[in-house]
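Note that the chains are named A, B and C in the order they appear, and that numbering of residues resets to 1 at the start of each chain.
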Amino acid sequence: MTNTQTTDSPENHPRTAFGARRQFEQAELAAAEEMITNRSFWADARRRFFKNRMAMIGCVFLLAIFLFAIFGGLFAQYNIEEIDWSLLGNVETEGGPRLDNGHWFGVDELGRDLYARVVQGTRVSLMVGFLAGVAAVLIGSCFGAIAGYYGGRTDQIIMAAYNITLSIPYIIFFVVWQAFFGRSVTQMILVMILINWTAGLLITRGQVMTLKNREFVDAARMMGLSDFKIIARHILPNMLWVIVIYTSITIPDAIMMESLVSFLGVGIQEPQTSWGALISEGASTMTYGTLWQLLFPALFFAVNQISLYYIGDGLRDALDPKER
Amino acid sequence: MTLLSVENLSIQFETPDGLVHAVNDVSFQIGRGETQALVGESGSGKSQIALSILGLLAKNARTSGKILYNGRDLLAMSTRELNKIRAKEIAMIFQDPMSSLNPYMTIERQLNESLELHEGLKGDAARQRVIEVMDAVQIPDAKNRLRSYPHEFSGGMRQRIVIAMALLCNPKLILADEPTTALDVTVQAQIMRLLEDIRRDFDTSILLITHDLGVVAGACEDTLVLYSGKVMERAGTRALFAEPQHPYTRGLLRAVPNIHDDDGELHAIPGQPPNTMRALTGCPFAPRCVDAVDACFATVPELTGETRQRACIRPVEELT
Amino acid sequence: MLQYTFRRTIAVLPTILCLIVICFFLMRLAPGGPFTSERPLPPAIMANVLERYGLDQPLYVQLFTYLKNIFFNFDFGPSFAQRDRDVNDIIAAGFPVTLTYGFWSAVFVLVLGIPLGVIAALRQNSFWDYVMTGFAIFSQIFPNFVLAPLMVLTFTLALGLLPGGGWNGGQWEYVVMPAVALGTSYLANVARITRSSLLEVLGSPYIRTARAKGLPERTIMIRHALKPTLLPVISYMSPVFVYMITGSVFIDVFFSTGGIGQSFIDAAYTRDYSVILGLAILYSVLTFVLNLAVDLAYAAIDPKVRSGLK
């Protein structure tokens, strides 16, 4: 400690004490210090993310949709299966959104309360999207890490599975699986994970391949840490940002996938519903002029997707070193 | 007679992090049939000078000063005017032969397109000329390799193709940007001899850009030493080697491994290359200079002298 | 090239065989079947039906017969749910429809997407650059199953310009909306990939070499930059084709085009195993063929890949 202090002291500069050289060195020092503070990666990323206005607006909307899914049911005047017989014959003229009869979003073609159904659909869509999205990316990046870390035969097998999965249109999975096992939310999430297990695999594999040759991993290996510990403690934390970015991409993808298959009728089953199923019902009746049946679920779907899009975009800007 | 005259050339790049000062107030001339060397470490701005002569700088570059070619300012020319000069009058040999050839086109097409453009040669006539030049740069079996793609050649062969490309239209000036870095020593010597032959036979001028003092020693009459985009010293090559008068040049020469040296040690220049994000306020080499005094950090040294020039405020006698 | 195609075809056979076997057993072992409907059939009739479809045989015999019929007779067997139709009939009727608008959809994506990307790259931050970004967000909010209803709402119900469904022998009015609804999601991505690819190519040393030859910008773009710019777009087309196949199932259902997607979903409802299996195989083969086409197109441009194929 004392050593460094003496070298820093003015007496040790043979020719000059204070002057232009001193100023120059101080400027260099300040620049170096700035770089060091930049190293606190997550704090920096957080700051950048919070500065991104579109991402913050996205967060607000997403939060609102979440609150709607959780507490929206409290304000529903009807449950999702209850048929309002007073409206059944005249849905086109009387079934629209109204405040006086408690059908905030109107009723569907069977006279069921659309508000209650949209709350229910939002719950299912978000649950499927978020659970399946997060799980899929976790599984994908684990396989990616394993493939990248071990290489060789392990890598070949995982990559072969990866390529096969990607080259099968996912609708086939759904149709075959549903025909065999039936349709429930749990099934849905399982198939979704099965299809999306490749999410983030390629990028984590690449990351691990470069990381595993870095000095700190060598050092860990020399200290005798097991492969598992090396991956978990030294490699995963260094590519957490990749996982975060991929999760933010996979979730809206999963929501879209779920909606599409529910639209086709091979997803969520009645009386359960989801955004896709609701949009499908709305689309099939729009020729009768009952547009609210299409527009309410479509609006929720669209707002959710665009919020997630901008959040993902903000995360990428904040976390990806290449973007800076 | 002066062919090219660079006057007070400065180049800056606008980047998201601020202005990068790549070249600062550089001047030099090249006469007909002369060879001028531009020596410096990587990042000293030497390649940027060559690119600016052909108007090939990146879009975010800002230039000031003049580059007069036969009395016309190249920096002020439109792309259309420059296109008549490029390859035809001034050709460039690019440094990285791996990436400066188009991987998706045959060698023949890449070579004959400038003949077609500038000389109006097509078909067999163009092919004859292409084979002739490929023979000249000693690419074996040229006739049968015309339909090959760049990846089918070795690094050395690719470098020769790049050189052949520059020779096609018999340019008056060749900008050779590290023409031999990718090659091993014997091939290096061949290539340098080839350039020398071309210079003699066609009275071509050459601007040789390199970090390799060994290459310069045998090939050039005049040498310009650059550091951080600024000229440190300019002198006849022989004089410069015999009696370097700038601390940076001395450091550079000392860093060249020499079998006649007794101690057998490598003498690297201590410290890091400078930060080009700031405009010069003093001598750019001062932070690494063993002879620097306080004043060196405060004033930008002028290039002074007649037959040989140096930019250093300290008298030659006082240098260590 | 031919040899490569042949080798690839041989290499994919095990994968398809695996798919067939797995699907076959999944189907046969599933609880319930096409004939366990609401009203149970009398045992005698049931046995009759089972015999007619060969379902009374042991499973491995069934599988063997099935495979034999596919490979030697190109016969996917009879439909279980539609009594007088073969799976072959269903494919023959529906596949040309799906293929037709799928083809136009791919044309639509490439013919609009690539130029849009080029313009956006050449005029960064211009109007067209923003149009492209807008498209990217648009396709995120309006995937085909939201876009299609909205298109029908606009062009059929409000404006009365285009028919809202049907096929009518493939008249152009009937093809437009399916093709556009199927392709729009990928248009933005194609444009985005073209843009970043072109920007990267234009910054590469070999383009600088071309500039140093004094070539006019137009020649540089067409002769030097076009091919390498297209390469990433071409490789992107292989996942796009896979997604489009899924999308086509939706398009067939929504626009009632009579394509195979409708039969696929119907079969899932009625548990018409032979149809599900036959169409799953067809979709897999189609994916393989499209992927092969992408690879061959790639090899046609990239000499390095081409010499690797030999």
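Here is the rule we use: a contact is a pair of C-beta atoms (placed from the backbone, for glycine too) under 8 Å apart; a residue touches a chain by one contact, two chains touch by 3 or more.
Since we're looking at a predicted model, the values are computed, not measured.
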Leading chain pair when contacts are tallied as C-beta pairs: A-C
Farthest chain (mean CA position) relative to subunit C: B
Computed distance of Cα centres, subunit C from subunit B, in Å: 53
Distance from subunit C to subunit A - Cα centre to Cα centre, in angstrom: 26
Sites on subunit A at which at least two other chains make contact: none
Partner subunit B, residues of subunit C touching it in the complex: 203-206, 208-217, 219, 223-224, 227-228, 301-304, 307
Complex interface listing, subunit A residues touching subunit C: 164, 166-172, 175-176, 178-180, 252, 256, 259-260, 263-266, 276, 279-280, 282-283, 286-287, 291, 294, 298, 301-302, 305-306, 309
In the complex with subunit A, residue positions of subunit C that touch it: 15, 19, 23, 26-27, 29-30, 137, 140-146, 148-150, 152-153, 157, 164, 238-239, 242-243, 245-246, 249-250, 253-254, 264-265, 267-269, 271, 273, 276, 280, 283-284, 287-288, 291
Subunit C contact footprint on subunit B (complex, rising order): 51, 54, 56, 58, 79, 82-88, 91-92, 94, 96, 99-105, 113-114, 117-118, 149, 151-152, 162, 165
